[in-house]
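All chains are identified by letter, namely A, B, C and D, in their written order; residue positions are counted from 1 within each chain.
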Amino acid sequence: MLVESLRDAVLEANLEIQRQGLVLYTFGNASGIDRQQGLVAIKPSGVPYEKLKASDLVITDLDGKVVEGTLNPSSDLATHLLLYREFPTIGGVVHTHSEFGTSWAQAGLPIPCYGTTHADYFRGDIPVTPPLTDEQIETAYELNTGKVIVERFRSLDPLATPGVLVAGHAPFAWGRTAAAAAHNAVVLEYIARMAFRGILINPQMTQVSAALQRKHYERKHGPKATYGQR
Amino acid sequence: MLVESLRDAVLEANLEIQRQGLVLYTFGNASGIDRQQGLVAIKPSGVPYEKLKASDLVITDLDGKVVEGTLNPSSDLATHLLLYREFPTIGGVVHTHSEFGTSWAQAGLPIPCYGTTHADYFRGDIPVTPPLTDEQIETAYELNTGKVIVERFRSLDPLATPGVLVAGHAPFAWGRTAAAAAHNAVVLEYIARMAFRGILINPQMTQVSAALQRKHYERKHGPKATYGQR
Amino acid sequence: MLVESLRDAVLEANLEIQRQGLVLYTFGNASGIDRQQGLVAIKPSGVPYEKLKASDLVITDLDGKVVEGTLNPSSDLATHLLLYREFPTIGGVVHTHSEFGTSWAQAGLPIPCYGTTHADYFRGDIPVTPPLTDEQIETAYELNTGKVIVERFRSLDPLATPGVLVAGHAPFAWGRTAAAAAHNAVVLEYIARMAFRGILINPQMTQVSAALQRKHYERKHGPKATYGQR
Amino acid sequence: MLVESLRDAVLEANLEIQRQGLVLYTFGNASGIDRQQGLVAIKPSGVPYEKLKASDLVITDLDGKVVEGTLNPSSDLATHLLLYREFPTIGGVVHTHSEFGTSWAQAGLPIPCYGTTHADYFRGDIPVTPPLTDEQIETAYELNTGKVIVERFRSLDPLATPGVLVAGHAPFAWGRTAAAAAHNAVVLEYIARMAFRGILINPQMTQVSAALQRKHYERKHGPKATYGQR
């Protein structure tokens, strides 16, 4: 029963990143977790989004043991699982090669908080990891991708900064649910597009004031949020 | 009766900014005013455009008191209301985080009149406000956003320059009606895209002559306008 | 009879520039000429493309006298007519504010022949006019827009270079027919997009060799053309 | 019989490059080969993709003699045929003027391996040919286009680097099948877009480590591939 609604939510998150133009062909993957049962649902590897059904999703435990499903899970499974183990407040993870987020990741630079759209979703920079070392690449590459992310978040709250750029690779985003993770992945791409254009318009552009960052973040999040219908 | 047609016009303005690709998710908001009744209709906060109905719009007076509606108004209501109080010739206000307009706003630079497309709609620069001070941000932020706009327009005619970039934030546009405000928001974004590309093609690009700016503005506006069907 | 097929061809050219994303709202206009009757059909001013019908087109003679139609012709009529009078081999004219062509026009720079896509359609640069003087702007502006184009083409063959950038304004394109004019306007925009990106990738980029320009132009045009079905 | 399935596969490859936005009008062409029969199917020249039928494809032998079909083959036929003769492992070739791939080709620069999306498909740079000499252009131009590609691949494995930029012209891509060639052409364009943005974000950007390039290439290809369903 619970697994069925987890499947539905994760299917929907996968479809959302495609609808919003974040994926080409079979690139990218979304997962979600049921914390009570310790079960994760993730996109199978290499399956086109147009054909993806809830029953195609692969169900694993937090160690990656397949519990349900006949297809191979996404090759990035080990990264997702490490994020679930290390970030206990998150319920969904999305990985894409979305164009502008990936361009920043390949450029190896974090995205500073250049405006209120960014501040509405991310506190401070969208950080970038250091490049993986050869050793990290050659042994347990996907697990080590998770490790460099976790290391980068040593002093950050994953829910206040719900995404990261893996250097030379692409973004990962997350959130309290699979739907929130997909939403944050879409907004990260939107922010990345505007930051790209801004630095070309004004190479001296600086991030907005701490006061403005705080104000916008708190309008949408936290105890005094005023945005939306409550 | 009048309120119904105000609702319809404001719904249509909200739908127009979505159709034209100016909004992601629930970003942005359009409002309109009935000057005779002193009533404003505005998008409710955080409601998806796909689901927005005329009856969802929130009706307030010019002080922000909700007269009709059960949903929370847009969190930017106080900015809209100040613009209506200070710019008596306008009938509609549109706020978006449209990609290129926002990129210029984040870059903190006005958009000079680089060509006739711009001159057809805006006399002179599309201005940018100064950044809000910490004090302006921390107390009555949305009202102060309106105040820095009004201050920037001290010597400008809001109908001849129907939009502004709020530094570090995003554009606001307006017009005689909600429909005109949406139209101007769409054109502002189009102008912002071309200005972005132009300065990259030719960093020495200058604005067009005062004579050309005047000619194009007057072809579309003012007593001797020749554009369109009259 | 002939006028009906002229109307149909010009309607189709107007619809084509919209289908290909070259116009926002009512921007732009296409016309065609029946040389035998000396009649021109042109888009009426300010009419949305979605609603445009063949019967809305305005029929004028080469001096701009309206022969058929109740709507005002495009405000750029005088430019179209001068081009028809001065370039006797052309049968259609298209004016748009397409994004990249306009960005180059605003930047005031010609588009050098950076590759074979360009060479397939335009011999040499896509030229840019000088800016109009104040006097040219203030008296008979639209006619003078045509005059600076014609002046720029003093030593060019309009059919071998079927378009131009009017400085600070936007592109005009033309061809043997209204359909060819629309096609060339679309290709001009495509070339403008790639030239924009190329100069950012490699600021030292140079035009391709005269031999390559000639080869590609002649594959598509002229007595030994091998492209397409003949 | 075999020819029918070759026609179907090549039609599908042609339609795919249009669906994915790689072609304007009749630009571009895809072909495929049946190695056993020594027959190639290729798009006819100048036929719109919307109207293309399997029966329109032209069937030639490896020397370009038309075996079936009444239409003229693509004017780039000689390039395709040389690639089939020289690269015995490939089964399909796609040529497009896709916007970003062509922008890099016109800029005359190879695309370095800036990230994992690239490494998933191409080992090392996407190479660029030298410009053709005047003599190569003036005699047997299309054949010589193939020759400069083959020359550039003297020390490269065409299946590990399934595409190239022809300087001043545009990309060619290929693969084991016509479908793979189209897929690689689409991915090449995606990589070109991200590389363009990356070098503007960070002009000092460098390619990713050899270890990361190898890891990603081998995840998708080769004996230990883990991507997808097997």
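Note that contacts are C-beta pairs under 8 Å (C-beta built on N, C-alpha and C of every residue); 3 or more make two chains touch, one makes a residue touch a chain.
Just so it is clear, the model here is predicted, and its values are computed rather than measured.
Q: Could you label the subunit A-subunit B interface same or different, taking same to mean over half of its residue numbers are used by both chains?
A: Since fewer than half of the residue numbers are used by both chains, the interface counts as different.
Q: Roughly how far apart in rotation are subunit A and subunit D when fitted on CA atoms, stated in degrees to the nearest 5?
A: 90
Q: Between subunit B and subunit C, tell me the centre distance in angstrom, where each centre is the average of that chain's C-alpha atoms.
A: Centres of subunit B and subunit C (C-alpha means) sit 33 Å apart.
Q: Can you check how far apart subunit B and subunit D are, centre to centre, with Cα atoms defining each centre and the answer in Å?
A: 46
Q: Can you list the residues of subunit B that touch 2 or more other chains?
A: Subunit B, residues with two or more chain partners: 200.
Q: Give every touching pair of chains, nothing left out.
A: A-B, A-D, B-C, C-D
Q: Going by the contact rule set out above, which residues of subunit B touch subunit A in the complex?
A: Listed in rising order, the residues are 24-27, 44-47, 71-72, 75, 97, 99-100, 102-109, 131-132, 134, 137-138, 141, 168-170, 196, 199-200.
Q: In their complex, what parts of subunit D are in touch with subunit A?
A: 114-117, 183, 186-187, 190, 193-195, 197-198, 200-202, 205, 208-209, 211-212, 215, 219, 226-230
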